[in-house]
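Order of writing sets the chain letters: A, B, C, D and E. Residues in each chain are counted from 1.
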């Protein structure tokens, strides 16, 4: 099935490439991981892949400076991009905030049954010895030098996938493969981790974040990976004008950094999980944004990245809402 | 109830009375500006010793006796016209009701026959669970010393088959009696004052 | 930075509960503070000189005064430091009177709080930078919104002063409510005799441009430079051509159009000039009643019009005017008594509003000035007036006093007696409010000379019995119910804010109260100004008012405009947002949230976009600053660094 | 079928038995199932309320609690006095200070239920249009006076039905039967209420002027929706005539009786014979009477 | 009725012992609440002394991060106050603020910070008495909560908390 989808992708990209500036997609770099690939040459199309190992959200590549500083010429060709369901919401959010125009992108939408978190795989097998990996009937089959491991895909899915409500792209030009049904349809099932932490007493919550954030080394990988963190090197955690943070290494500084990151994404975050995926210290940083997403949904009935016409809720108001 | 020509404002003012009325009724009596709309709307004004507007004024001045001994509070039929038209949103009928309850507690009811009728009514409810209309009247007549009240109606009602001679009774009369007992116990538990939590149903209008 | 700190004793106002000496001594230990002292009255002339002396002698670059509220004396001290050669924004105040000495008696706690506040002020000052105003030209044209008596007065005063005036009136005619009145209290002047000439003046002054049947579409800009879009509503008559001859009215076959001018009494033609003295005297078609416009064959007016002014194809037109100041004089509307179910809820034709009765009394009214009742045209003999209908009544959401009803009832009762000497008038009232010059005498006259029967009490119910209305009320003075059988009942309907007042306020960005009346800057000291610079108020749009007060406010607002227009330029406030282009990521969020449209795109070379603040439009709220993710836009004098500096002092 | 708990109250068991009977018939005709509250007790009426609000609330509340236990969400009482007590019980139940003693006495909360009068039930669940379609015996040519009484729509914030000053629901329902319905100014004036027994003269005065106005407006009958009003206006009409030296002869049928009549039910079934003043005049068929049609309205 | 005089309603005894060194930062909009606080002062309405006021032009200027900064770094309470909705000097600044602060208020406890340490309210320039009430109640609440423990780890006290995350 994966094979068929991959062939369809290759065929579609082949047809579209002459009209494109370039094509952004994934390519296999080791048995368990893919890496982004930027294709301008038809010969490279065969390296494109899709499937449960394609964890990166490619939408961010469309808007990071210096691309942002130099706006595309009016006659520029569109960029082709592969998106999963969650990635497509980032695209919508970027269109919403006018960082890109819809015409600028040719979207190859890929329904997604969840992506593999290699950290979870490492709990089962020695990563270095893996020879090949494949998913068959929702079972991850890994060959290493000695044995064949069969792990239920469920066991190794990324955390964000477990409560996924939008496995199918919410926006696309071409759809590759068949749509899949969402694992979750409502708030009750999509914020389980948030609810679990919320159920704990205040002191335990504080202790939890103290122990988690204490590990933060302020490498800013989370920020850099976020497709909506558009400030990048102008981010106020690094500027002197204004000076919100010192370089002092302390828990308060780490808290404030994550507050800044979270508040800047309030009402904008689509929950793609990139921040958490890239964290070298294994801190559940997406969880912070998930809480804000839940607040936005409960308080204002808003979920980011679903409607290109919607205004992010903190950039507008409603005089009538006396009891929000 | 005696009208005097000079009212000594400070000496006669019972501020505890004002507080009690406001608390029990949930109404802010000071909102009344004596426009007279309640008096104008009340169909019983003709029978009152003090029209409603003046009852409100007497409360504002803390005149406990004049108010609680007045005929007016017992002649009010609770028809809600005053409440409906008060420009200051005062539930005047609720105030009148509060005054009736207070006057009962303080034993200053000016209309013993009305109280007798009410008592007889409640006795009927307590005994049977329901009101026994045919039985109620003779007892009331006896107690109020008005033996001929409504005697003229009897033959016709008999003919129409409207008078029943046996009270309809609730099966769980025990429960009804219990309600009466509990309310009575709470009501007089604290020096004849109402139970502390017993504010009026309306705390804020 | 060399900073001086001056702690004010304010006599004993501060020193009574704050150890000002200790505050000054502590301040000397703060970073950059080189001089600190306390003084008896810092705001006094010698106090200010003391600051100026210290600036000179100590070479101070910034000054902190710990004294009263900055809302009180910040301007005073800014001028003082400016005189000594500092930029006025190199100054900060710590409020140790209203926020410290006056609200607590614990000297120790107060002193430590005062020290904290001074520390915060010093910390902020270290991030202050000199700011400079710029000058902007003033467009010396005035917009008057509303052509009632207040607006007319304001427009004429300014026009007399040689200024260009643009007047916009929603109705087809100017004159407002006063044009509908028969006589005015307490002089019984004929309303149209005193208003008429002023209306004519408006039409004839060359420097007044009148837009009748027009409304404000949008307003942008700021004091000295407003741009106003005016919607000229479709009249279906070319007013350039129309001579007001009235031939169309006579021949119009649609005779049952609503007669708004006569408050719904009687009927008008679909094409209409509301009254003979109307200014502008132009016809207008009521589209709801016009046969031609409702698909029937007609067009009689077009055929009859000698100047061919009728244009059935006409559409609304938007015109743009540029002005430097705006006077709002949109007046009031009458409370609709339909909510009073007990008074018939509008079902009884012979229970009418005060303004309807005014039309009945008027010689230009529906009955030619003869008093008749609407139901059957009979002359009434018993007439009841009821005051406070939609006034002082919390149950209908109008707890305020409308202020004019007591007087207009007295006037109408007197006029009734003049018209119908055999009639009897009764007035139900709660209190008589007549505090103007010769007002109370007037009300007394109604009772003493004209025999009007005043009854102190409200009316509970009005209902029909046969041909008459039964008025069931109370005489609270006697403590009895009373009943009057009346032929006609006049309700003294109260004053409420003009329809659409809130929407206009939003366009003007001025505040209004819960009832829709516009808020003045200060209830006593700035009665005709609003919180939006360059926008002034006149008349009943600010609250119920009679004619003399409305006229006085019209003139007052005009004089405010004239003092503004006496200058060729105005200084801008430099406490506005400023974009650091290097940090701007062109996300456009500031543009999206700015309540004033003060931020726009600016294109750099290579097509790179950046946000840019229009300093003269920016009001300095700082919403952009709070919104900007990289904080590239900073509100001057309330920058992130300045606020953080204050907060940091408390975090330590 | 709409299922509604039915609290009839003491009057409908005694002097107003025909109100009970006709109410059941009319509701049944419109597919409303009335479930009489089992073992209901007296609401306590005015005597209980002027003794102690909690007594009144508990007496009335017990009935609501039984209805709630039966799974009913709506309770209808044809007696406005009883209805006031039921609503009072709900208010007490919502009062944070009284909730506990109340629930202790009646065993559960009752604030979620909807309590309505017969008039409200018929107006909202059936409505004039459906009624008009169901009419078999039009009352065309008859002039009926709509009399609501004081409590049906007052005070507005409690009744939450129709206009407190000029209610029209009864007018509309009566018009739907084909009858002429004049604008009756005493629609909501008090008839003398419980003073029938203790202050006979009050009723003479107050009900007297209601009868007088009804007669002036050409009314042939006064239609009521309250057993107390009915007793005062009908049963005591002779007493009133004596008091006023008048000669009123106006039948005072219940709304349910009049609607039943229009639906074609038999007068006997509806208990029209139980009224003191004979309502036979309403049985005249005037649908063919052109003149009457012309002057009606 | 005479009891309603706000001057006589003494707030909590304001002694040094009672204060526990509590510090509350108040962000007040210049036009309404700062004026309201001034009015309270002019009327001599007594208030606890823990509050330190930062004057801002409008609650619309309020970035919730100022509140985060204050609470993370150990300020004991944060009070934000502006013009009543619809009375904003800048027409709509407080509408933006309301949403942002409301969301932030809901977010704080997730991170382990007691949301009762933050309050926002609307007080107009004429509501001196209301300001007294707000300050008194909020100060009492913060005293009840005691000093802000902040987020700094106390030495050697790294708690092992199972994340429970899958």
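Assume a residue touches a chain if its C-beta (ideal position, glycine included) is under 8 Å from a C-beta of that chain, and two chains touch if they have at least 3 such contacts.
Because the structure is a prediction, the values reported are computed rather than measured.
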- Task: For everything except subunit D, show me which chains still form connected clusters by touching.
- Result: one piece
- Query: In terms of CA centroid distance, which chain is the most far removed from subunit A?
  - Reply: B
- For the chain pairs B-C and C-D, which is connected through the larger number of C-beta pairs in contact? B-C
- When the centre of a chain is set as the mean of its C-alpha atoms, what distance in Å lies between subunit C and subunit E? 34
- Item | Distance between the centres, which are taken as Cα means, of subunit D and subunit A, whole angstrom | 66
- Query: Where the centres are mean C-alpha positions, what is the separation of subunit A from subunit C, in Å?
  - Reply: 52
- Rounded to the nearest Å, the gap between Cα centres of subunit B and subunit E is 49
- Item | Shared interface positions of subunit D, touching two or more other chains | 164-165
- Residues of subunit E touching at least two other chains: 69, 73, 86, 92, 96, 100
- By the touch definition above, subunit C meets two or more other chains at residues 342, 593, 627, 640, 644
- According to the definition of touch, which chains form touching pairs? A-C, A-E, B-C, B-D, C-D, C-E
- Spell out the residues on subunit C that touch subunit D in their complex, using ranges where they run on. 340-342, 344-345, 347, 463-466, 470
- Query: In the complex of these two chains, what residues of subunit E are touching subunit A?
  - Reply: 64-65, 68-69, 72-73, 85-86, 92, 95-96, 98-100, 102-104, 106-107, 109-114, 149-153, 158-161, 163-166
- Note on the structure: Listed in rising order, subunit B residues that touch subunit D in their complex are 43-44, 46-47, 75, 77-81, 83-84, 91, 93, 97, 100-101, 104, 111, 113-114, 117-119, 121-122, 124-125, 129-134, 137, 140, 144, 149-150, 152-153, 156-157, 160-164, 168, 170-172, 175-176, 179-180, 182-183, 186-187, 195, 197-203
- Item | Partner subunit C, residues of subunit B touching it in the complex | 31, 33-42, 45-46, 50-51, 53-54, 81, 84-89
- Would you tell me which residues of subunit C are touching subunit E in their complex? 69-72, 95, 97-100, 102-106, 108-110, 112-113, 116-117, 120, 506, 509, 511, 531, 575, 593, 595-596, 619-623, 625-627, 635, 638, 640, 643-644, 646-648, 650-651
